[in-house]
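Everything on this sheet refers to the single structure shown next.
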């Protein structure tokens, strides 16, 4: 029969699961402070290193980090990449710079954007400072800092 | 975005994706037949008939290739009564999940029975297929079973 | 997966019923949307009535699963075990499964390469590495893949120019310097001394296995020469009696998902000094005809069924010392290294295999 | 084969909802506590192995975050099973038997509170024939309970008796989630949930973590006054084709018990991983336990069921009773998959 439909070779199975996600104690404290425009990390009592964002523990020492340390919104680019492809779930239009930024007073870089500069001029060791979003847009997110921008003369 | 309690930040999140699964020849044949309104099983080397058509013998691990047609009517071997369906359930009214051994099969298959109320269900009852209005080559081409 | 398992059984001259235990390795269940797939695959795996263990250690899982399988036999409680790893990425979309935007994630979402690429830049800047080194690796592995019918990517006219001109993804990573998304499986039969000696094809003798892990991110972590890989290599070399890897090891299968990892690994694994890895690549030493062929099979850059990728490295190392690697055989290979990597430079698994019984 | 013994065990409070604490924050206290209990640190640990399940928290690589709770500089020898941590213990035993390790840390963890556990477990089933119908974990267990009722191999009173005993035992377990003095009549008066099961026939949803230390002979004797020696351990899988199984039986448990050497041991205590009341009855029979054996003195999974830790918990509770001198010989059981598809049995002795 010429009108026999083609044999089944595949099926589509939608799987949708709902989760009520909780931020975790350390991250909750960090996000609560960043909502107020403050960057507050934690110091490990074992190695004395300061983590931003904090995780409530130091993966090197395996101990809780409870001491809070407020740091400035300025630091250096430890390294970076220029992202040329669209990232699923990320509305930022490529190309954009994603950089490991070591904030002054911290000991591990955090991944954030660098902007307000020609991508080709971003370099390792460049000093950058946070560009905060307008205060009325602040929420429980590190994205209250829209990106980091070069510090004059850097 | 989140609760105002500063010590507890929660947010709902959906992990949702439609998976595309290739069926292979055995499952593909079963689903193709199902789309035509026919139910087939596979026969093992010692003569047992597995429905839905299984790719491998649970006992010997041998690949199964011989197809056998079975009836669209059979008997409930066990069942559970879902008085309050959860959101994922296909029947949004009280129904039973059941193992149904179709006539001609040795192994029962898992599906649903729409019997209206729990009192209408019993082990050993005869049920028959209620076909879906539109069949697309999926196990849901059998909408459910109903009392025969 | 079933196919790989059947071929492995055939190669080992045994059947399903000869297998004492099954060890399954796979990366995240979200790739296929099946939780603990060994449960529903039990019939296909001939697993009914047998012990089954399911390992998951991120990208290194194929390797660490083989290590666990080796432990089964080493323990003396099992004679022959089957270990299988697989991934069917086509059922979903790996990028999606790896990066659904979870709430409250505190860093910018730049994809997997967004995490790894900055360390490659650091490597290049620290040691003054020329840009084309990554491309050389990409060309070499794709050329090797042409000699391996099992490799996913087959690019007959692969050239340095083609790689250089492929689109930039995450600087310095170009499209052709990164791995594909593949479906695939790998299976190995591991046997005790008695059964291995009687197997129809020559066995690869396992001289040593090791795994190491550390936290994804902590202050002072070296992401160019990771401490966990250094420790893992040291352990395997000690067990295998390897004191001079460059001289002793005939061929290595390293988990290189982005081309830049090859020169970085060469240094971390002690094949050369720090900052010298790229020179080894440039010299052609790591090509199939070189004195230290790396990824003669085409490697992860040519096929990446994530859960199986690590086991493929271990299995390819074994094929080389068994003399069964076909067109990509390294002549006279006696000692080979298999290596797998996962997570944020956190999870490593390795083994050393030999044609000679220890 | 080298001898091995459990020398330490800790579990977190069994809670319906762990609040703000994330998985790592649940793991760290139990890992620290279990190591302190025998006076060791991570540097003394030769091998660390964990059990967890990504789909419970809805994100890939749950265990990677979990590892932050452990000291990993210098790097550690580590592995992870996407299973109950009882199987992580098994992997650690392979390391001890092989002579590759003397002291191993095991942990299991999960939060089931954020997701839809009944539906998450649906994804353990055949993705072609079963998952599109969304049979949930409770409905499948109810099929098994009905099969037993129909076969006359138990009554609803038997099931209620299991629950009553669990609730009562849990009164003596400060970590338990559900504990109460109740009666068979009161339990049978409760409405049905997914018939024939009532809510109390099903294990609760629990957040938490557990950690355990296992050591080779010399190390165990050095660190622990009364180690819980693992005399035998085995685990077996059954078919994923649900209809092909006799749901009223658990041949894999029976076989594993024979291999682990349960028979002939003077067993006085048993901890059985039965997330549903009727499953405890199946397991008792397959293990051949006499009526004098104290079954689930911790309250069992019905009193608190941290997915991916509840099986390890059974081993931990038996070991703890032996270490404290409250038991001399115990059987521990762990399960995985729908309707007891995969089972592990261990025999521990003073």
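Per-chain residue numbering starts at 1, and chain names A, B, C and D are given in the order in which the chains are listed.
Keep in mind that, in the parts below, a contact is a pair of C-beta atoms (placed from the backbone, for glycine too) under 8 Å apart; a residue touches a chain by one contact, two chains touch by 3 or more.
Remember, predicted model here, so these are calculated numbers, not experimental data.
Visitor: Counting C-beta pairs in contact, which comes out ahead: A-D or B-C?
Guide: Result: the pair with more contacts is A-D.
Visitor: Farthest chain from chain C, comparing Cα centres?
Guide: Relative to chain C, the chain whose C-alpha centre sits farthest away is B.
Visitor: Between chain B and chain C, what's the gap in Å when you average each chain's C-alpha atoms?
Guide: Between these chains, centre-to-centre, one finds 39 Å.
Visitor: Whole-Å distance, chain A centre to chain D centre, using C-alpha means?
Guide: 37
Visitor: Quick one: chain B and chain D, Cα centre-to-centre, how many Å?
Guide: Taking the average C-alpha coordinate of chain B and of chain D, the gap between them is 29 Å.
Visitor: I need the residues of chain A touching at least two other chains; which ones are they?
Guide: Where chain A meets two or more other chains at a single residue, that happens at 11, 13, 15, 17-25, 27-28, 31, 59-60, 140.
Visitor: Taking each residue of chain C in turn, which ones touch at least two of the other chains?
Guide: In chain C, 30, 32-33, 42-43, 48, 96-97, 100, 102-104, 214-216, 218, 220-221 touch at least two other chains.
Visitor: Counting only residues that touch at least 2 other chains, which ones in chain D make the list?
Guide: In chain D, the residues touching two or more other chains are 19-20, 55, 58, 67-68, 70, 72-73, 116, 119-120, 123, 127-128, 130-132, 239, 241.
Visitor: In their complex, what parts of chain C are in touch with chain B?
Guide: 2, 16, 30, 32-33, 42-46, 48, 90-93, 96-97, 100, 102-104
Visitor: Considering only the defined contacts, which chain D positions touch chain C in the complex?
Guide: 1, 53-55, 58-61, 63-65, 67-68, 70, 72-83, 87, 90-91, 93-95, 97-100, 120-121, 123-127, 130-131, 234-241, 251-252, 255, 336-338, 341-342
Visitor: Going by the contact rule set out above, which residues of chain D touch chain A in the complex?
Guide: For chain D paired with chain A, touching residues are 18-22, 24-25, 28, 31-32, 42, 55, 57-58, 67-73, 111, 113-116, 119-120, 123, 127-128, 131-132.
Visitor: Flag every residue of chain B that touches chain D in the complex, lowest number first.
Guide: Residues in contact with chain D: 7-9, 13, 15, 19, 21, 23, 27, 31, 50, 52, 54, 58, 77-83, 86-90, 97-99, 101, 107-112, 118, 123, 138-140.
Visitor: Considering the complex alone, what residue numbers of chain C touch chain A?
Guide: Of all residues in chain C, those touching chain A are 33, 95-96, 99-104, 106-111, 113-115, 117-119, 121-122, 125, 167-173, 214-221.
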